[in-house]
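Each in structure tokens, the structures are laid out below.
Common to both upcoming complexes is subunit A, partnered first by subunit B, then by subunit C.
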Partner chain A sequence: MNPPNPTTVAASPPETPPRRRAIRLPKDRHAIVDNFFRFQSLFGLVAVFLIAIAVSPSRNGENVFLSSGNLANIVRAVSEIGIIAVGMTFVILIGGIDLSVGAVLGLAAVGSATLMVDSGLGIVPTVLIVLFIGTAFGATQGAIVARLGIQSFIVTLAGLQAARGIARMWSGGLGIPIAYGEGPQEAPEAFSLLSGSINGVLPVPALIFLAIGVGALLVLRSTAFARHVYAIGGNEKAARLSGVPVRRVRVTVFAISGLLAALAGIIHAGQLNQGSPNDGAGYELDAIAAVVIGGTSLAGGSGSMGGTIAGALLLGILNNILALNNIDANVQLVVKGLVIVAAAALQRLRPRIA
Partner chain B sequence: MTDRPLVRMTGIGKRFGGVHACRDIDLTVTAGEVHALLGENGAGKSTLINVLSGVITEHDGTIEVDGESVSFAGPADAQRAGIATIHQELDLVAGLSIAENMFLGREPRTRLGTVDIRRMRRQAEAHLRTLGADLDPRRLVGSLRVGEQQLVEIGRALSLRARVLIMDEPTAALADAEVERLFATITELRRAGVGIVYISHRMAEIELIADRVTVLRNGTVAGTVDPRAASRDDIIQLMVGRSVDALFGEGRNEPGDVLLDVRGLAVTPRRPVPGRTEPAGVDLTVRSGEIVGLAGLMGAGRTELLETLFGAGGSGRRAGQVTIGDRPYRPGGPRAALARGVAFVPEDRRGAGLMLEHSVADNVVLSALSSLTTLGLVRRPLVRRTVAEQLTTLAVKAASPSIPVATLSGGNQQKIVFAKQLLMRPRLLLLDEPTRGVDIGAKAEIYHLLHRLADSGMAILLASSELPELLSLCDRVVVLHRGRTVAVLPRASATQQAILAAANGDDVKESR
Partner chain C sequence: MRYARRAITIFALAALAVTTGCSVEKDGGDGGTDASAQCGSGKEFLIGMSQANNAEPYRQVMNDDVTTAAKSVPGFQVVVSDAAQDNSKQVADVENFLSQGINLLIISPNEAKPLTGVVKKAYDQGTPVIVLDRKVEGDAYTAFIGGDNVAIGKAAGEYYAKTLLPQGGKVVEISGLPGSTPAAERAQGFREGIASNPKIEIVATQTAEWLREKGQSVMDAMLKAQPDIDAVYAHNDPMAEGAYLAAKAAGKETAIKFTGIDALPVASGGIKAVEQGRLQATFQYATGGREAIDLAKKILVDCTKDVPKSTTLGTMQITKDNAAQAYTELGGKQ
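Up next, the complex of A and B:
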């Protein structure tokens, strides 16, 4: 690929073939195994999808699971958790955790409702303000983690409480219904688009999730920022000594998580036509589950965005098919637990380097 | 040493993927002998040791203990058979006491089922005494120095009634006095009939304590020799497979202008960290094209000085002046230091130098990422080319740039750290023990590299505990004692004695 350097007795083996865009086939068994584990969640997703088709009830000879209405339901249901999980992936990749996302979602939902209904703001200022609040909240948590060196678990646990508290104070502890119309105490009609679909098929929230997911995928794949994220998770000290701006990256990552949680909160308010301070309770755990099922290591430094997206979809399909078969919601929880453990166990089987 | 072997390994082989890590190796250990295992990194030492200690369970060949064939399902099996391992990275829990560490997992119990703390302490004390260590078993392991921690590990092995002790580079992290104590301990163990497998890169040590030397090369036994009969050159030749005559280059260029000027540098830490010796009056200069050595005993503050110069030291009030080129230099952190053309290769390459699980390529380009991006996007083809170039210039042996760094040998890992820093095209290179844990072949390559870099005009400041290394490599040697410059010895007048005398300072007895 490049002329060998004449100053050395080149001991390094030949480079991979010069053709750039050629699909590189796994060279040996090790690579195949490695790729299986790398894309474990994708395989899992396909498997769960096929199982769902198989066990789905049918109505009038039609597979209920595969009906477009049902598939749309799944992606709609997944999108909020999915968007949060995208942000969570960045945080977990640097070896952190963000427990505050569910509460920030609630805060954002309350914010959206209050700003439009009570303060009479338009959609654009409302969205910008709410996103700013979420970002600032995340960045503040990141700054505390980076500056004071407190574990992110603790900082965001505190953040969770604080965000819930602020949301309750702001809303007076009650859900704020959103009515649409032109008059006072009414939100602009356009906001209800969030509960709609494009062509009656693709739900708007799913479209947003898709956009965010693809964007994050690209960011993680090809930016220097992403290399820094992985480096910090891999070995923070080495990263710092290599000139990686560790603090800045850390603050940015938590800011992203806060931003996406707020975005999910806006969507939440739009879908339910209200903003309640209790919205999003427990969402942080579902998001973490999606990341874990996606094969990202809680220790940081390794994982992928594709895995997280697949993990979120997998959880959504699982919930859906269990519900279609009228399986008790409590049983659903147990099944979800088992899947998380199975995914993590599968990662343990991944061959490690001695 | 005439009695039957404690351990006999026959025809040991192990493959990883398609690569033979070792092949058809025979090794015996008899009671009361120190059997040294030598070989370059990647020669198969670790694999062999992992087979013997039960870490690797699937392998070719047989292992006999006391004449009986055994197969280990795990390290616990090997321990039960009396084979204990002292790893380079010690397996101790810092937050527990010496006694608790020694009996971790098999604490003696009272009749009520609670831990019999007094018995545990008594037994720990007895083991420590056997080793000649005057330590209170109630002390936390985290408060011990590395040499003392090692004694705790050996004590644990004794409490397991180990008859074969594998020591993997036990002196790598020890100060000279501690090495002496370790050797006394080894003599004691040998007298008690323990067989010791001793791995080290240091020839002088092996000549001193080994009864037999087995040299591995490319996964096979290159020869087993008596160190008293064989010369050092013979052994090196066995290891490398060729004779290494010119380890150190000759004929250096004249150094240029002063690049780094340090005057009266002192740091008063905001929160003093025990065990750290911050600079307390350092004067030195490094000219471009010059290699300056930094000598001193353990705790003299060599690492702390390099870290301070790189902006990675502890926070605190600084006094004195540092200039690089003509401009004053006060780095706020590693990032700022790199921007000023200062690069640093830390001592602990696994802990502070590399992302072990990440690929070779990712590690190489980490520092230089900003020069390999457009609008924050990494330019992959450029990265690929850059990495390939660096790997070739430094002659790194890696199957591919995409394999994890952890799979490389120590010497090649160190070259990756170098590659990463050199990509920043530094004017001043700070090196902390750059050849620690690196085999003799890679060492020679690193020395050649340093000469080449100096000849190209780079200023190099190198801290090392190996005096021969300093003497042969450096134009001048700066000796530190308790954070202060106590001597600057030009090449002509630098001798081991002179350095040691200066390093010991005025008062002979080191209090800590």
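Up next, the complex of A and C:
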């Protein structure tokens, strides 16, 4: 579908959004303001980190928040949401949403447990099959969005239900415990390393999150695929007219999201020694929250992977410091809600500087 | 796609760089913390209460029982966390408690297997652990306190055999979530209880998955299929209440007798339903909250070394005669 005269069509950025307000600043101050908003979540992360140090309880004269055990707990706790959020960032950048990730996580956790415990497969085939299932599930959703033109909200809402249903059927509705050993009905011992730590300090899931995050960061910085993603999110029509393979990119993006959700599900099963069909319920919302706090616009076309990683860490630190200070569970929910709104509001204030 | 290839290469190298040259270890108790503060009277103790899901009324009452009981022990401070039915969240909750250096952990686990590791970690560090209602695997905990659902079902069955339907009759059973242990045990115990009266017949069993609204719709259907039902044995109070509503809509609420299980001392609970005449009886499924604090007091204040590893809570039969009194006794607020 090539345009008759490609030279007249601009790909990206398609059009400059209208100015929200006239901010007259000298040029270098423009840069400061712009950078502040661009790295909003990073500043937010640093601020929350410093506040957490300040308000942390201390124990035997030691700052509880800063203790190595506690920091390890934080990165361990955010790693699953973080990995999902990385995939979600791609989806949101093209102007979509993926509500199925929590359910795919549950499906993958059930798959990991069943394949190893009941089917007696080794770790490598199990992981490959589960990752394939997640990828195929995501790609199918992407294909439905791309081919039939149904909104991704609806397609992935349906996908959420379907993935939960499949997980319940596969597991018989109950969690499948994973016991380790050599015998039948036992999983290889090495799988439990997912709940271990590197040199006793860095939890394995956090390391995987780090690797995925850095990988995604580089992909989003320097590839043609990334430019296509931004172009579709910015203005789909213009992107299509300038030769971006919109459908293929769509399918790829949802496949990545499904793949990463499945990866998080494998980690989930390894950490908890169980695959349960209800695992990951509501995780999609935490992942979306991390992306939004990271400054990615739900309208698509603008945002960064670094922001998402910072957003996930910020949420993790927030959860941790609220718990360490024994803030009531109900109040914690309200505080988290306020932080998400604040992050989104900050984005609205961002001056549009041409 | 030259860029894509380059990116994948960078990605692979980065992944390789961070994963090589490190040894992976399984996390065990590092033993570095001194969680087991000296026991004795006149000291301050921080107790962490890790709840699986505050949204269930039964678990909210359990929290209330724990916090209320702890108020009467000088030096006890209780902090409650809510895992909102998420195993991962509950693991993190317990980790956070351990970071804070709690003196004792009370945990009502969401599921056994996923929580076993972190409970063991706490126990191995020297933090006494009291497990409530649902068990964890193995024996790396200080004490378990829980109800006996078979005994509760049996008590209900005996009440049917001797008091409610001594002449016999047709009973329908509305059961809890299929596959859940309490549902299976409450069904089994009931059958043992009614065995002494062969004239009692269970004419139908349907599940309502513990839910009031499902109790109502299931009863709707059974009223059409079974014209003369004498009584409804529901595995919990909300389902019994739902069934009552269905019978009321059909004008049969006085002809049929309803019983439930749980007897929570809250306004929407079974005790009030008995007091107000909707249910004939309900059978208490104790939360164990008070008993947990009693045990905590023995461990932390009285320095008792050998506390019972397992405590089974009894049940209480609640009928119109004792409902008002039981409500106050179990700590219900008027």
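Convention: the second predicted complex is superposed on the first by the 325 of 354 C-alpha atoms of A that agree within 3 Å, B and C clash if a C-alpha of one lies under 4 Å from a C-alpha of the other, contacts with A are read in each partner's own complex, and residues count from 1 in each chain.
The rule is short, and it goes like this: a contact is a pair of C-beta atoms (placed from the backbone, for glycine too) under 8 Å apart; a residue touches a chain by one contact, two chains touch by 3 or more.
Please read all numbers here as calculations on a predicted model, not as lab measurements.
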{"item": "Contacts of A:Pro57 with subunit B and subunit C, given as first, second, both or neither", "value": "second"}
{"item": "Which of subunit B and subunit C A:His228 touches, first, second, both or neither", "value": "first"}
{"item": "First, second, both or neither for A:Gly183, with subunit B first and subunit C second", "value": "neither"}
{"item": "Subunit A residues touched - subunit C or subunit B, whichever exceeds", "value": "C"}
{"item": "Touched partner set for A:Gly149, first subunit B, second subunit C, both or neither", "value": "neither"}
{"item": "Which of subunit B and subunit C A:Ser242 touches, first, second, both or neither", "value": "first"}
{"item": "Overlap of subunit C and subunit B interfaces on subunit A (superposed complexes)", "value": "222-225"}
{"item": "Touching residues (chain side subunit B, partner subunit A) in the complex", "value": "17-18, 50, 55, 310, 312, 333-335, 337-339, 344, 346, 351-358, 362, 365-367, 369-370, 372-373, 376-378, 380-381, 384-385, 388-389, 391-400, 404, 406-407, 420, 424"}
{"item": "Subunit C-facing residues of subunit A, complex", "value": "57, 59-60, 64, 67, 69-70, 73, 76-77, 80, 172-175, 177-178, 192-193, 195-200, 202-204, 207, 210-211, 214-215, 218-219, 222-225, 268, 271-274, 276, 278-279, 281-282, 319-320, 323-324, 326, 328-330"}
{"item": "Parts of subunit A lying in touch with subunit B, wherever the complex brings them together", "value": "1-2, 4-5, 7-13, 15-16, 20, 28-30, 222-225, 227-228, 230-231, 234-235, 237-245, 301-302, 353-354"}
{"item": "Complex interface listing, subunit C residues touching subunit A", "value": "1, 3-4, 6-8, 10-11, 14-15, 18-19, 22-27, 30, 32, 34, 54, 79-82, 84-88, 91-93, 95-96, 98-101, 111-114, 116-117, 178-179"}
